[in-house]
Amino acid sequence: MPVVIVEMWAGRTEEQKAAIIRGITRAFEEIGIRPEHVQVILHEIPKNNWGIGGEQASKMFP
Amino acid sequence: MPVVIVEMWAGRTEEQKAAIIRGITRAFEEIGIRPEHVQVILHEIPKNNWGIGGEQASKMFP
Amino acid sequence: MPVVIVEMWAGRTEEQKAAIIRGITRAFEEIGIRPEHVQVILHEIPKNNWGIGGEQASKMFP
Amino acid sequence: MPVVIVEMWAGRTEEQKAAIIRGITRAFEEIGIRPEHVQVILHEIPKNNWGIGGEQASKMFP
Amino acid sequence: MPVVIVEMWAGRTEEQKAAIIRGITRAFEEIGIRPEHVQVILHEIPKNNWGIGGEQASKMFP
Amino acid sequence: MPVVIVEMWAGRTEEQKAAIIRGITRAFEEIGIRPEHVQVILHEIPKNNWGIGGEQASKMFP
């Protein structure tokens, strides 16, 4: 019963988010897990709450 | 000092969220952990950010 | 379909872990969620991997 | 720079774990994210630390 | 390539959040990890979604 | 009451882990949070459970 938590920047379209969910679920199907047993949870994080190299991503990738 | 993170759909009432916090904390009290040492963190996830069976829950449970 | 992740010190008995799972699940039942929709995941953390007040818990609570 | 955390039962083979990592990464590539920006972290959880329906999975799926 | 997830109450200033990201990254630099390999993700949690001692923090620390 | 979860490769020394805990806690002290309110939890992940660029890190950094 895998549970997948995705930490990602906010701002993707609904189509992109649907594709991520579909693609991740398919990755588990390919090893024989039934898709209805896979849950995918997207955490959309604003760039000012995401640090890389010690800096807020909002400053580096505005 | 348990820390409990709950991933759940957004949309519960304040009373329901208070009940979840109370109930989870009680589960630890019952094995002898002091309630003030238990932290419960609720992540409320919109249904379009939650996938089941490869689909956004917002499409299956609108 | 709540997913509950518990960060806790390693070292509880099987009975205590079963009680935590049962108690947390009951907390969701009490607000009308069916128990088979609740998943509880226990992360057992050795005390040297848990810091409080800037110190490893293994040094404070050996 | 997505970070993907997978909570799953312990016991998959190296080939299956490699396939999960590859498949999840591909899901992000398909929406235009470079694979080297995707990190996938597998948390392998023993079944006695995973509850479904209020019971340890080790008792239901021995 | 450490990934650090911070669960914290919402309401800090941008300066404080930048300082947290900087300070956490520095902690890894001090043991020889390059800062560009450190990602820090802040989850800002409203106090009514945070329980301590079985109570919503919003009631205890309004 | 911040809770900090660190996903990192297994294999650091006790001294390095103690330094990470100390350094992260200090980052919160610097914005006025009392150290005894900061918990840091280290998840040590074997490299074969960590994917970068679609590959297990154990294959890239043996």
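We just call them A, B, C, D, E and F in the order they show up, numbering each chain from 1.
Operating definition for what follows: a residue touches a chain if its C-beta (ideal position, glycine included) is under 8 Å from a C-beta of that chain, and two chains touch if they have at least 3 such contacts.
Just so we're clear, the structure is a prediction, and the values are computed from it rather than from any experiment.
S.K.: Using direct touches as single steps, what is the fewest number of steps from chain C over to chain F?
M.R.: So the least number of steps between the two chains is 1.
S.K.: Taking contact as defined at the start, I'd like the list of chains shared as neighbours by chain B and chain D.
M.R.: A, C, E, F
S.K.: By the contact definition above, name the pair with the higher C-beta contact count: A-B or D-E.
M.R.: It is A-B, judged by the count of C-beta pairs in contact.
S.K.: Go ahead and note the Å separation of the Cα centroids belonging to chain B and chain E.
M.R.: 19
S.K.: Can you list the chain F residues in contact with two or more other chains?
M.R.: Answer for chain F, listing residues that touch two or more other chains: 1, 3, 5, 7, 22, 24, 26, 39, 41, 43, 50, 52.
S.K.: Mapping chain-to-chain touches, which pattern fits: line, ring, star, complete or other?
M.R.: Per interface graph, the chains form some other shape.
S.K.: Run through the chains and report each pair that touches.
M.R.: A-B, A-C, A-D, A-E, B-C, B-E, B-F, C-D, C-F, D-E, D-F, E-F
S.K.: In the complex of these two chains, what residues of chain D are touching chain F?
M.R.: Against chain F, chain D makes touches at 3, 5, 14, 17-18, 21-22, 24-26, 35-36, 38-44.
S.K.: Please output the residues of chain A touching chain E within their complex, sorted ascending.
M.R.: Contacts found on chain A: 7, 43, 45, 48-56.
S.K.: Could you list, by residue number, the parts of chain C that touch chain B in their complex?
M.R.: Spelled out, the residues of chain C in touch with chain B are 1-9, 12, 16, 19-20, 22-24, 26-28, 30-31, 50, 52, 57.
S.K.: Looking at the complex, which residues from chain F come into contact with chain B?
M.R.: Those residues of chain F that touch chain B are 1, 3, 39, 41.
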